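Let me begin by presenting the structure, written as structure tokens, before commenting on it.
Chain naming follows the written order as A, B, C, D, E and F, and within any one chain the residues start at number 1.
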Amino acid sequence: MSQLKGYSDFKHFLISSPSEYVAHVEINRPSKLNAFIPEMWDEVGKIFAKLSHDPEVRAVILSAAGDRAFTAGLDVQAADQSVLGNNDGLDGARQATKHRRQILEFQDCIGQIEKCEKPVICVLHGISIGLAIDIACCTDVRICSRDAKFAVKEVDIGMAADIGTLSRLPKIVSSFSWVKDVCLTARGFGADEALAVGFVSQVLDTKAKAIDIATKLAALISSKSPVAVQGTKELLNISRDNTVADSLKYTSIWNQAMLQSDDFKVALLSGLKKTKPRFEKL
Amino acid sequence: MSQLKGYSDFKHFLISSPSEYVAHVEINRPSKLNAFIPEMWDEVGKIFAKLSHDPEVRAVILSAAGDRAFTAGLDVQAADQSVLGNNDGLDGARQATKHRRQILEFQDCIGQIEKCEKPVICVLHGISIGLAIDIACCTDVRICSRDAKFAVKEVDIGMAADIGTLSRLPKIVSSFSWVKDVCLTARGFGADEALAVGFVSQVLDTKAKAIDIATKLAALISSKSPVAVQGTKELLNISRDNTVADSLKYTSIWNQAMLQSDDFKVALLSGLKKTKPRFEKL
Amino acid sequence: MSQLKGYSDFKHFLISSPSEYVAHVEINRPSKLNAFIPEMWDEVGKIFAKLSHDPEVRAVILSAAGDRAFTAGLDVQAADQSVLGNNDGLDGARQATKHRRQILEFQDCIGQIEKCEKPVICVLHGISIGLAIDIACCTDVRICSRDAKFAVKEVDIGMAADIGTLSRLPKIVSSFSWVKDVCLTARGFGADEALAVGFVSQVLDTKAKAIDIATKLAALISSKSPVAVQGTKELLNISRDNTVADSLKYTSIWNQAMLQSDDFKVALLSGLKKTKPRFEKL
Amino acid sequence: MSQLKGYSDFKHFLISSPSEYVAHVEINRPSKLNAFIPEMWDEVGKIFAKLSHDPEVRAVILSAAGDRAFTAGLDVQAADQSVLGNNDGLDGARQATKHRRQILEFQDCIGQIEKCEKPVICVLHGISIGLAIDIACCTDVRICSRDAKFAVKEVDIGMAADIGTLSRLPKIVSSFSWVKDVCLTARGFGADEALAVGFVSQVLDTKAKAIDIATKLAALISSKSPVAVQGTKELLNISRDNTVADSLKYTSIWNQAMLQSDDFKVALLSGLKKTKPRFEKL
Amino acid sequence: MSQLKGYSDFKHFLISSPSEYVAHVEINRPSKLNAFIPEMWDEVGKIFAKLSHDPEVRAVILSAAGDRAFTAGLDVQAADQSVLGNNDGLDGARQATKHRRQILEFQDCIGQIEKCEKPVICVLHGISIGLAIDIACCTDVRICSRDAKFAVKEVDIGMAADIGTLSRLPKIVSSFSWVKDVCLTARGFGADEALAVGFVSQVLDTKAKAIDIATKLAALISSKSPVAVQGTKELLNISRDNTVADSLKYTSIWNQAMLQSDDFKVALLSGLKKTKPRFEKL
Amino acid sequence: MSQLKGYSDFKHFLISSPSEYVAHVEINRPSKLNAFIPEMWDEVGKIFAKLSHDPEVRAVILSAAGDRAFTAGLDVQAADQSVLGNNDGLDGARQATKHRRQILEFQDCIGQIEKCEKPVICVLHGISIGLAIDIACCTDVRICSRDAKFAVKEVDIGMAADIGTLSRLPKIVSSFSWVKDVCLTARGFGADEALAVGFVSQVLDTKAKAIDIATKLAALISSKSPVAVQGTKELLNISRDNTVADSLKYTSIWNQAMLQSDDFKVALLSGLKKTKPRFEKL
């Protein structure tokens, strides 16, 4: 597994390349259960913004270092300073403005994972609560190891989740009754329940096996036309947020350009010749 | 189980309080399979509008009296007078106006269940057809006993359901093919099928057990910060009807005020001290 | 099984009537795995536009002839001429315009299946890839035989699917993670997986049994009030693309007219008299 | 000018009927520049909800008593108690909830003017600031006398207008630059400026003349088919808030019922016979 | 003025080409004030669908033959048969379905004018009522002669306009108060009033002068890059029906293909060389 | 006129503070008619992002240095390298991706002007074409000097405007016919025409007088409650892109926090005491 060029400056994330065109991003603060401190928000946003346009990358794996946790969420002790800090005598409106700006900034950082033009496969394991769900909801395919313990935990600290879980989770799983149950009670749920409702699409016995499957999946996706793959991601995300009629129109506008790739011919030809196609960078 | 203060005037509903901050609303016309007559529409709307702002209530259970039915739907004999009544020689446009006004009024009454700021847990049992589905779709968490018999029955009386089932059901379960199957055929389905598609999130052996589970769930929710819980309900409902981008923005505006609660500190503190938090009324 | 009057001119589709008010449309190019050539697009659009207003039809079955395939998708050899054909020296903008017009035209043809006012039941079997998924997503109820092999295959020919799969599939099944998995990898999936995620609502042992079940389902639907059935289809499709509030309003406007049918009375009366109702044509 | 039956219970509004099918609502607290106290909100909501379904009414005039003001807006002294009152030691979230519920309630009251199914003609004169603009924006046709002095005054009391002006004004006048100018500065503007930007569609020399013109306009509208008039109002409001495609579809659903009125024939016939048509009540 | 090839089959419309790349469509039933009979709907739809993709056309003028009228609207005597015809004993729901299908069909025909990819300049003169407004609202630029007499006339025949006026007019002029005034009263208005509210953007002394100006405007537009012109029309129409954020995104997708035209270079080069650019067909 | 602290690093823009809480941003490349080179895009985005949260700023003036031009738009010679540069042998899809990313980046830079939380007053003079319109459409209030020469010039260089004019202009002026006229023809228009359609809200004799008026307007706005002013800007922009119902709801959520400012009391008190209010920073 080699380093990916240009990503060595990030302090709390390890970025490597397990195979051609695949990037692997690991949250790397295992001694603290990979809990997020303020500078990690910023880093995760910058990493995915960079991956989005990096021609060497066609698929991304997102996982976390250590055995115990994907992430335990916000590092409350650190957050104490920035989020909960005293209000400096601000009135309610000014305090609100401060909160709003910070929420929007955090949403933007995490949202870079969703905006990344390349598919992102999330491997969840161990403690995966709070922010873990916000992050996972921004990825495209979610798989987990059997030891994963999930919870939409925010209600237990006296707040409604505001970094994305409540906006995205109802759109990616099968039962609104279940979504409300887990979000209103903050109760934990395990890998099997996550699979049953479609939150994850596969459960593997161990984190290692899950990483292995994710790597193969990422490699498979990376072997396909990047024009086709990135267009598919874009159009599926458009579909989630638009009517069918608007999505169809958008699709036609998107593909009027994208059908002008050489990949179309490369793919057809390699299909006829039974050879492995090679696609240009994107 | 004590009475809930201020709700003794309703004729067709029993309202009690099985535990602190929990309201239990029972449809109470068991001799007629809890079928709805016109004044019941009005009552259910008023009850949930009142619960919505009642500081003594943090979670609501909605179930129905008797062993046989949650509700058999509209009381057709009674409806005969108001809905199907002769058209008094009205022309098609004037008859349409009369119908439209009545549909909107009925939708508004039932819609109060969804608009209620507090989470509503619905316990379904026995005959649960027609209006039962409209009502259940307005609640947040749905559980049922094994004897529940569901049907989107309206097609069998020559009409498309118009009080909410067709607008809400596709957004809360897992398969549009299944939704169309049950809505177009009016066929019955049981508890297991309801669970499989995510219409309910739990099936219990008996109505008594389902009520018991619902009561515990309601008590659990009521023990949490009401600011967190009610915000979570609001934001999940917003999510259903908006794009992710709009939901995220709305979330930031909502929480810029709500993070100014004391609940945040109370929850964090009681977490550290391992004590049960006490939250102010809302 | 009799012919359906007025549909004998179509070259690549067989249209029959297995029972009263039921139309059965079969894709009929089995020697080529029912792959689509340009004129078939046009035909399928015209057939469903005609069925939509045909008073003799109240439900439609869509299946495909032969044992091997529902459809293998676009006939790439034929498409070579029309879709992939050389660009005649056009610049990028003019080539784009040509592509866009053709995509929109193809979307419109297939979209007639969804716009058909009568419910459409799709029976899938054998090879059901690419365009097969686009088509199936336009129908109301999907069932399949155990031998069905599905794939959202477009990525493998270097393009993002643009006839509807990416716009509709996420709205009809249970897990967005699963949708992205199958769309980004173009991997195959079988009947059981299709059932598990809700893409189909029933799996039968053989194509023959699936056709039989579909015919009974269609006959059942056709025995109901066409005003109720067609309104239900319309309102469910409206629900998919609108907020709950807008859907409810639309529902009230729809039913202000539709409650003026005689079907209401016919259904209620036949319910009381235990007779089979007869509804007027629509 | 006669009283309109059923509207004598309102304390701060005079309701009369200057001609057949025309209602005239006057804000009646001239000694206080028609400033609004809490119970007036409630009354105005109830009056317009009642007019909406009153078959004796086909058009409504809304004006204000006295020479000096349409309304000077919120009665700040009275509001002191209800809006600005001390916060009873509530934390920021609970105080916010109290504010939100009250804003929504006020919006609902004023919004009844817009929801009234009958066209409302607003006659503005003298001081017409703050709430005057919120109210006027809910009416259909606005005219004023030359002495009208308008201002979107809220910024001057330290708040953004929240009862409707900021949501509706940009959609009814011609220049967003002008809207922002008057809303951000709270500066006054006169009748001519209001006419130039299309806020009002006529300016008359005196309030008396404006009332006279409004009465004639209301009488003219009332002489037309109420099915046609009320449908026109509904469809224009739908247009404001929807895409053209959605509006057209809604229009077709609306008129499928409304074309079944007898008014169509009555109007055509009276056109041929050159007689004054008589339309049934609605 | 030469004929435009391929448009000689239309019975009620004259299609000519006054200058290169300009088509001129004239409504041609002057003996009946250009009132519309059923087959004219169909023809107008077909003409504009054909012009939309015709590479010989870059701008279209729409006017009407004769001195007296652009169009007096629906030919009520002819319509009597098709629109108002007796209901054949249909119940309210079936009659509604018949109406709805016909309204949608008429909307689609007229809507082809808006969907035409080339800009359409409408020249209005004389009697321009009812359908005249529906049609004019579908065009891009409206000019008129001083003798034009406009009216949104539908209320006077007992119906709300349903072919597009109520859906489009509020989005193209400056004052909603004015729109409601003219739509609710069906009163006439002249060229100056139309100019003042922005319904037309120029008033000429005579129809001949207006045609002349329109021809020059069309020729000017036709001399520009058709990629630029048709993209501009598309993006402006998208803007009308979408949020700014969605429009901007759509714009980027549109132009990612369109910036690959040679027109960009041709235009820049001819700008430098001071020569008249020649653009390829589109 | 003093410098504004923290803005001295920008190369092509002058930022000063003509009065308390007012920032004045000047485009400063007069020798090239203030045409934009790539680094200017980036700078303008950064400046307005910084102003947005700068507590020393409550209103912004945007104008341009020199006598001849606000801006002549894109510097085509410079753009030659970055926008029009050769395509490096990229296929159509990859070239499209490069274009799309650049358009989105440019849109984001200019869009910061609109996203700036403080009101922006734009003073246009002289040549104001192409990008000048894109920029002006992002500001809140537009005024100009009599010598202003406007044009939506993009069609003349073979492209549809893609940085915002086509998405925003139709929503801020009075006549869609006029918008299409100027956008399709690229023709120039002057100050009076801009005033007549509402593109600008004032025309002054000279640039100096316009700057003077803008400064007074900015100073006036800055003297008001920043909570009220910034909320008003936000809610008006929300109104532009949402239905009235959604805007009203958003307004209630916004103000539930903002009514907790001290500004409310400060404003009321200073109103009673006839003193100049002092508001805390925001």
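As a working rule, a residue touches a chain if its C-beta (ideal position, glycine included) is under 8 Å from a C-beta of that chain, and two chains touch if they have at least 3 such contacts.
In this text, all values refer to a predicted model and were calculated from it rather than measured experimentally.
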Fewest touching-chain hops separating subunit C from subunit D: 1
Partner chains that subunit A and subunit D have in common: B, C, E, F
Cα-centroid distance, subunit E relative to subunit F, in whole angstrom: 33
Separation of mean Cα positions, subunit E and subunit C [Å, integer]: 35
Interchain centroid distance [CA atoms averaged], subunit C/subunit F, Å: 49
Numbers and ranges of subunit E residues touching at least 2 other chains: 92, 95-97, 171, 174, 197-198, 227, 240, 245, 253-254, 256-261, 263
Pairwise touch network: line, ring, star, complete, or other: complete
Contact set on subunit B toward subunit D in their complex: 53, 90-94, 96-97, 101, 227, 257-263, 280-282
Residues on subunit F engaged by subunit D in the complex (per definition of touch): 119, 140-142, 171-174, 197-201, 217, 220-221, 224-225, 227-229, 231-236, 238-240, 243-245, 247-249, 251-261, 263-268, 271, 277, 279
In the complex, subunit A residues that touch subunit B: 76, 83-84, 92, 95-97, 99-100, 103-104, 107, 111, 114, 154-162, 164, 166-171, 174-181, 183-187, 197-198, 240-242
Subunit E to subunit A touching residues, read off their complex: 250, 253-254, 256-257, 260
Touching residues (chain side subunit D, partner subunit A) in the complex: 92, 95-96, 245
